[in-house]
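In what comes next, chain A is part of two complexes: it sits with chain B in the first one and with chain C in the second one.
Now for the complex of A and B:
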């Protein structure tokens, strides 16, 4: 029963995409819109093949792609390394919370592009400023997820552990951290999401590589077919990354929801 | 208490929305010309300051609305979406508009770029010959006239692919220069002046002599060209009057453009540099000969560089240039 239900919804999703593609083909086939506004799927396909063979701006397409992913990966890794301990400690030790929390809460709501030009002035036009931008975007979601998960831990667990003679460090390692892992994954997923949506901004200034830069540069020349390729690449990759993280979560967090 | 405050805020918001709506509804049904401008001391700035543009349009019952753009890239997007009727941009952006089949034509050349755009490098880089540029990092706003001039310069000296080019807007170029992130830049005034400790390599006047001329041009949408012929003619006449003034009395132009831009006359003079403003008498011939060749050449170069994904024929370039709105040009 459950399986047929799933299949039903999957086929509806596929149908939506098919209808969308049909409308697209129809509109471009009948020349209802200028090509600059909506290039045909065939044209986009041709351009993709061309880009694959000749690259864009003298750089191979997969190199653009890898550079973008590398920037994202480094930034998210840094955010994990700093954000998880910071969030957990902040939830566990009030003193740390008092120091760190105001800073993160201040950065969190600011649109990254607002401080990007400052980052460039401080850190230059190289990789550092781009990765820092993505890092600053990814840090708050991880921090907040960790922080929240610690504050939500059942006090009973902590009390019984300490009455059994566990030290604060033992409690942290054996109760606080495992209890927080499911939330860490949720935080990670939203962190990757936020960093990912910032990627085009990060590659907008002083870059000459990356999928985000390719989209911006082709927009200078109104090459909408290239823009569509960049957007589709980013979209598909985004979905894949999210699915991957979901799988990882299922794999590692088998105890969620169990007492 | 909170509830009251919320109600009050909602009411206030509604009231504001309503008043703004009615204000919009009360606007006079006058016809409006929307002109996309670049924030530079050019003929549009002069005609705007001297009120001649406003008067010329008012005579025919039009209001003028200016929308400023940072570059021709954004001006093209505005033309494409029908947000402006006229827009000034570099000729490289005009080629992009032509290749993308934006429904617009080139009706005026605002200026031929001279010493106000140049390639400069940092002192102490030991760059004596063009070949010394190999391996250096040079910044320029991509898709601009400066970018084109730089690419042409590199091609002339067989340096294509040997120099690292970075895409930056002019304020970022100044910042990157001061931080030491770049070795050189091809850019325009006033940012060119902010690049301290520079050695000039080449400027656009020299590039024009070598056959790589760049210019700022005005594009008008086909809709506007067809339905508002008289006012377009008046606008071009107002612009051409500033060109005549520039040729007879340039200090007047420095003065008015400086006022319009809120800068000093000296700064305006420097920013205009050796750019050429042709008179209405010189314009039609120039547009249909030298400039046509240049426009075609530029499109071929951009096609070869794959910055254009559409081939542009000479015939298309010829049809793109419309001299009918210039006094003494074309059929009138």
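Now for the complex of A and C:
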């Protein structure tokens, strides 16, 4: 996108947010909706300051935040470490596809919450079950992106590499992997998205910390201001993570679309 | 000495409309420049794929130095029409891909690289990514990537067809220079009669359905440019006869 185009895009985005804030201020200022349904921005700000100083449920707000991010980070890292080689190898070696693919295809459509209680039974109510839930949610998008990228790889890349003297393993490392990097980033962004949407579920059951837990717990007491703080924190972090991944993609996949 | 021999080779792509070939026989020597010419879709690329070892003949046999071709090998390099350069690598990395994979000594790779960058006029572009180059420069990279590997047979599958006339002539000269210094067996596939007349010591005409070799012609006008032959009636008679064979 050109610089003027970017500026225009940014202005429109900022305008949308400004209009939304104005409507919110108007609705809450005129008491058009009860506070429990839509607290004012001022109240949300005050509650944020209170939470920052005194925490929620005896745990500091930043600790809730860090716990959630830690769970997310560990789960996504595990999904990357396992999902990328597994997806690439499945696309490259039919035997590995025959072993792995049915399992991933089985897990993929199941809503993570459906097997969460089983995970708790198997792994206990601690961190392991929560991280495993997020890991299982993040794994299929990364695996499928990697698998698809191998099946779509330009046949002439593979043929020319073999005619230049590369072995099958060398082709995997030097052609298949770099050619798949753009799709790996796409899969990674989807994986973070899916894991992110699962985090509230993971912290719903048998948890006493984390932003997801804070949202669920505050909902029991109709503390919508606390809920909004949790939602805004998750939303802003989600956008920032996605932007970070986009920038990393631009840096590492400088050739995309420029074949 | 015969380097590559095809004996009654036949092939048909399973469940595909791609042209099959049948009863293809030829014998090519090392240190020779050969052009295979014929209408589009006659099976010229199919024959190259078989020689490269990407597929096995369903009939007959293909031999290199008397041994049956069973798989792809660096001894038989190929330049595709789309070049298949790796966009994540720069020019030098693309060119040295083969020798690096074959684990040749670094000093040898460096020597060959410098020599080829000079021969192909790519010295100033050696650190550029291939997507930053024009079509003609990319073709030079694709040629250098093959010649650095010093294959016994080098195949070019309509490699110059997408280039404009001026750059194509440049590429012809670069190919001739590289071939002269390497002495390998080059097979050029084209449907351009003037390219065939300029580049082919031997012109192999393919035709028919399924495609087969109609005639092999020794070209007396090898390295003769169409533009320089405008007053040579014998050249035009030869060209006309060749066109008739193709059509």
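Please note the rule applied: the second predicted complex is superposed on the first by the 255 of 259 C-alpha atoms of A that agree within 3 Å, B and C clash if a C-alpha of one lies under 4 Å from a C-alpha of the other, contacts with A are read in each partner's own complex, and residues count from 1 in each chain.
Here is the rule we use: contacts are C-beta pairs under 8 Å (C-beta built on N, C-alpha and C of every residue); 3 or more make two chains touch, one makes a residue touch a chain.
What you see is a predicted model, and the numbers here were worked out from it, not measured in a lab.
Enquirer: After the chain A overlay, clash or fit between chain B and chain C?
Expert: Superposition check on chain A shows chain B and chain C fit without a clash.
Enquirer: After the superposition on A, what does A:222 contact: first (chain B), second (chain C), both or neither?
Expert: first
Enquirer: Have a look at where A:163 lands relative to chain B and chain C in the superposition and call it first, second, both or neither.
Expert: second
Enquirer: Report for A:11: first if it touches chain B alone, second if chain C alone, otherwise both or neither.
Expert: neither
Enquirer: Touching A:125, do we find chain B (first), chain C (second), both, or neither?
Expert: Only chain B is touched by A:125; chain C is not.
Enquirer: Using only C-alpha centres after the superposition, what angle do chain B and chain C make about chain A, to the nearest 10 degrees?
Expert: About 150 degrees, rounded to the nearest 10.
Enquirer: Touch check for A:178: first (chain B), second (chain C), both, or neither?
Expert: second
Enquirer: Rounded to the nearest angstrom, what is the minimum C-alpha distance from chain B to chain C in the superposition?
Expert: 24
Enquirer: Across the complex, what residues on chain A touch chain C?
Expert: 154, 156-157, 159-167, 170, 174-175, 178-179, 181, 254-255, 258-259
Enquirer: Which bits of chain B are touching chain A when the two form their complex?
Expert: 73, 76-77, 80, 96-97, 99-102, 139, 142-143, 161, 164-169, 172, 175-176, 179, 181-182, 302, 306-309
Enquirer: Which residues of chain C touch chain A in their complex?
Expert: Spelled out, the residues of chain C in touch with chain A are 52-54, 71-74, 76-78, 80, 82, 84, 86-88, 97-99, 101-102, 129, 131, 145-146, 149, 151.
Enquirer: For the complex, which residues does chain A have touching chain B?
Expert: Answer in residue numbers: 34-37, 47, 54, 58, 117, 120-121, 124-126, 205-208, 213, 217, 219-223, 225-226.
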